[in-house]
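Input: structures, listed below.
Each of the next two complexes has chain A plus one other chain: chain B in the first, chain C in the second.
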Partner chain A sequence: MLARTADNLYWVSRYVERAEYLARILEATQRLSALPIAYGGTTNEWDSAVATAGCAGAFFAAHKEANEESVTEFLAFSPDNPSSIRSCFEVARSNARAMRTALTIEMWEAINETWLELRRFQPSSMSREEIARFLRWVQECSLRFDGSAYRTMLRNDAYWFSRLGVYLERADNTARILDVKYHMLLPAHEHVGGPLDYFQWAAILRSVSALTAYHWVYRESVKPWLVADLLILNDQMPRSLASCYENIVRNLDSIARAYGRQGPAQRQARAVRTRLQNSRMDGIFQSGLHEFIGGFIADNNRLGAAIAEQYLV
Partner chain B sequence: MPAAFDEMRGSGGDLRPAYLQLARWLGELPPGFLPQRMREAELLFRRIGITFAVYGEADASERLIPFDVVPRILAASEWATLTRGLEQRVKALNAYVKDVYGKREVLRAGIVPEDLVFQNPVFRPEMNAQRVPHDIYVFIAGVDVVRVDADSFYVLEDNVRTPSGVSYMLENREVMMRLFPDLFARHRVAPVENYPDELLATLKSAAPATAAADPTVVLLTPGIYNSAYYEHSFLADKLGVELVEGRDLLVKGEIVYMRTTEGLKRVDVIYRRIDDDFLDPLAFRPDSALGVPGLMSAYVAGNVTLANAVGTGVADDKAVYSYMPEIVRFYLGEEPILKNVPTWRCREPGHLAYVLAHLSELVVKEVHGSGGYGMLIGPRADKATLAAFRARLERDPKGFIAQPTLALSTVPTCVEEGIAPRHVDLRPFVLTGRDRVRIVPGGLTRVALKKDSLVVNSSQGGGTKDTWVLDA
Partner chain C sequence: MRIRIRHDTTYHYDVPVGGVIQMLRLTPRNHDGQFVVDWRIDVSEDCRLDAQEDAFGNIAHVFTADGPFVALTVLVEGEVETQDTGGLIRGAVERFPPSLYLRETALTAPDAAIAGFAADARAAAGADPLATLHEMLARLHRDVVFDTDPTHAATTAAEAFALGRGVCQDLTHIFVAAARALGIPARYVGGYFHRSDGVVAQDAGHAWAEAHVPALGWVAFDPANGICATEAHVRVAVGLDYLGAAPVRGARDGGGAESLAVRLLVDQAARQVQS
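Right after this comes the complex of A and B.
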């Protein structure tokens, strides 16, 4: 298949995944900022949302203060933010349009309708309820696109490249949330388990749609080290780093089998997966959660570059 | 202007046989039925993303061509005549292009004046004495045909460069079958859905001798900003071939390759939807970012087939058009089956004088124009427009031809005030392969939606209709 087509497939998936993640962050932040201070509500939730989205630099270049209005506008609607939900959907749609032939009709309709619908939302006049509906809608669009890909694509290289985009983006997103919130996950805190942090941890889980999963897996109330375990090492959890890398390795292997040769991308992906498999939470905490996650994000970016180098140019 | 021939009611007002069922069906419909179906059709088109761009409109990067749900119907016998005429016409066009770049017998015989060829900006000296695979230049032609009475079809234009519109022929049919299963059950409509297969067979038959047994075909598009981009991606999908842009291709050692995830892969046949000018910055416009450097060298070396060939434009400008009846006779020794609209060539002083004297009765067109831009419809023009056009004609007579205002046939059409006759034309698509000529029964019917308007171009308020060829 054309290298440009593979590149488009990969990025369409990444952008759609990113849009969903931004919607989740905004939703979780909305909830947290509505909490009374005594329950963990803080005043800098919106700062934290910008950091989690990985665009603090661009945001503060354009805005003085991070508050509900400015952050929602910037992360959801701003045409000047290349990673806003609107920009993600627009780029995804124009990439999709440039390779219509590689998408199934269901995938195209999902992305095209999202784009058509998007233009009907008028950010300036939206109430909180409407914004909440908008954020739900974004997640539904992503689910529909992802589901269409899963249900309708041939299982060939086109499918594998589009999956790679999903999992690389997802791994990056999960790692970023952990990185911004890591200080809350560190154990040996005085009031671990107190009501203050409880809602913060719940918010983290919510932002990666893992709150229900947490209860099923651990059958305990929310504990910080279990939250970290779930999001980093638990391969049953679809957004965990471990699970993302299971999938990245599998899809890269499928490509290598089909093309008859392995390359640097396959080797790098396996190395990251092995590191995750051999890690224990105790060890990660001892050597530093922040350092661990920082290292992971860098590895993940390097893998993205290796995949591009090997297949997409 | 004489009264137009209506394809449903004829000239006398009696229903013509091909339209009997349709007329009955239209009569049975509850009020509001068709307008509602029109809205459904628009929704379907919008969802599928069938759009086109109109150049020169600020916020119109993606627009829908209006679609009319009342089909245009041709009887089997009418289609048979058309088919024979089209095949004859395209054979002559091919022979003409080959001759112009080869022995030039048509020039030496004085059939076509030399300067019409050599001073034509679309004449490509690079193609002189250049053989193309199987001597085919025009693989895909979109011949615009109009009708003025029960028996007379006129060719209005031969489009032999990169004719577009076939995706509408295919999608219009799909949408119609979804909306009106009952109407289809009452007719036996010849299918058009095999067009992509016929096109692929045509393209594969044209592969160069050095190609593998199963040649690699690609469709070359200028990219997503081109007005016909939707059609390019649609066709590539139906053909099952890669849709490539210039940057996806490269030429090494006079062989064309595409960049794939598995490295370079050789390309044998390029169905190109890019104009000659932009194909290869080394050979043509150096500022073209759409093309492939070195493509012409691979083409000249015979390692790749371009469809259509480079330089076919010499056969389809409006001045050459006026010589088509002679061209058909010259190469085939036959009388043309399809008529030519009588044409005054303003380059000839006698013709120019006539045109200037009868300006308000004539249609005047730019020789190199297309898309309905820059033309004068005399009977519809006011005094100032006529005067301005007269000045342009006197300044550059060679740039224009003139034709009588044809009373294009009309077909019932769903408009605001109900069902009313509107003027139509027809663009059937003619495929010429090494083995044979293929024409799927149908084509793109364009309709002028404004009352009394004769301009059917989508860029100027025209719409489209599904075109039915009945089985018997």
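Right after this comes the complex of A and C.
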């Protein structure tokens, strides 16, 4: 396979996954901001939405204040923001068009129709309900693309590269949520387990659709260390770091086996997977959750660079 | 190196056995030098097989099978991807501080001869613990003859050292006992070894030792081969001695006399080139 085709496949998946993640963040933030101040606290959720999306710099260069209107516009529709939902779908679609023949018909239709329909949304005139509907539509588009890939692609290197994109992006997103929410300081008078705490952490779980899963796994009220455990170490949880790396390692291994060569990407992915497998939550808290997540994000980026170096250029 | 392992253990009983319970430490874990690509355990009879982690962080399966049956096969099979780390063991599961591995056990109690051997090695190598360990490794490999006949599973380090003969298990026990006699934490490692001479079918798994060197952490020494662990070693379980890391321990109800056949294949799965 041409490196360029592999690159396109990988990035289509990454961008579609990123669009879904942005929709989830916006949805969770909308819900959080709808809470009364007494529950929601005085922190600005829209600030943290921008930070979680990883584009605070670009946002504050264009806008003064983070509020519902400006953040929704910037993260969902802005053509100037290279990681807005709109831009994600646009880049995904142009990547897909560049290697149209490497995709199945179903995948191409899913991404192309998404793009065509996206242009019909008029952001300026949308009510809050319409925005909510739009965000759900974005998630459905991602589901459709992902499901088409899963159901129709041949299990060869094309499939593995596209999966690699999904899981690398997903790991990055989950880590970012954890990183930003970790910083969200509780007001001094709030004791741990208070209402503010509950809604914040429940919002995190919702943003990765894990609230129900949480209750199934722990059968307990929502506690930050268990949330962290679920999203970092639990490999049953499809958006956890452990689960993403399980899949990354498997797909990289399939690629290595098919090509008969392996290199730094495989080694790095295995090292991260091993660390996640051999860690325990109390150990991570002891050495600092923030440092752990920061280290993970750096490792994940390094892996992205190693994959690009090894296969995509 | 990608190592493919197939290890089956078959028991034949003269009289049908009423039930068997076993503890299997046959599942490797990942660390920086090895990655388990694929691994499974098959038991020939209907059984209950529960995975758990023992105190040392090894994966242990407990299985119970209700009889009657006259034969039982436990098969483990899998693929492990390894890298040469120069014998350094990093990123492994550590549940205890190194000082725990100074503890003496019945199989690894040093007698005067082993203590003398350790002191000689230290005198020859100087104060550096790593140099001392390498000296012991070289001397053991030179002086103790590899011989499967005279020793058995319950032979102690002191007995094997007095004989001057033994298998990898005995050499490892002697090494561990000597290291501990010098105050260096050391432990027993059970696993598999891919032979470079092309012999694929082996009679038994392999055993080597790990010793803790302050500046480096755990370092693996293989006295049977006279080397530090390489990418040919697949590390499965650690313990204070053989009993703690034994691949299979168990009991059975009835069954009369038992005969045991082990078949072990360790081969390179596919030749891959590292880029």
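Throughout what follows, the second predicted complex is superposed on the first by the 302 of 313 C-alpha atoms of A that agree within 3 Å, B and C clash if a C-alpha of one lies under 4 Å from a C-alpha of the other, contacts with A are read in each partner's own complex, and residues count from 1 in each chain.
Following the convention adopted for this analysis, contacts are C-beta pairs under 8 Å (C-beta built on N, C-alpha and C of every residue); 3 or more make two chains touch, one makes a residue touch a chain.
Computed from a predicted structure; not experimentally measured.
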Q: Check the residue A:2 against both partner chains and state whether it touches chain B (first), chain C (second), both, or neither.
A: first
Q.
Once the two complexes are aligned on chain A, which partner has more residues of chain A within touching range, chain B or chain C?
A. B
Q: Identify the partner contact of A:263: answer first if only chain B is touched, second if only chain C is, both if each is, neither if none is.
A: second
Q) In the superposed arrangement, does A:62 touch chain B (first), chain C (second), both or neither? A) neither
Q: Return first, second, both or neither, reflecting whether A:157 touches chain B, chain C, both chains, or no partner chain.
A: first
Q) Is A:311 contacted by the first partner chain B, the second partner chain C, both or neither? A) first
Q.
Identify the residues of chain A that lie in both the chain B contact region and the chain C contact region.
A. none
Q) Which residues, counting only chain C, touch chain A once they are in their complex? A) 29-32, 35, 37, 81, 83, 91-93, 270, 272-275
Q | List of chain A residues in touch with chain B within their complex | A | 1-6, 94, 97-101, 105, 108-109, 112-113, 116, 157, 161, 255, 259, 311-313
Q. Which residues, counting only chain B, touch chain A once they are in their complex?
A. 46-49, 223-224, 229, 233-234, 236-237, 242-245, 247-248, 258-262
Q: Over in the complex, which chain A residues touch chain C? Could you list them?
A: 249, 253, 256-257, 260-263, 266-267, 270-271, 273-275, 277-278, 310
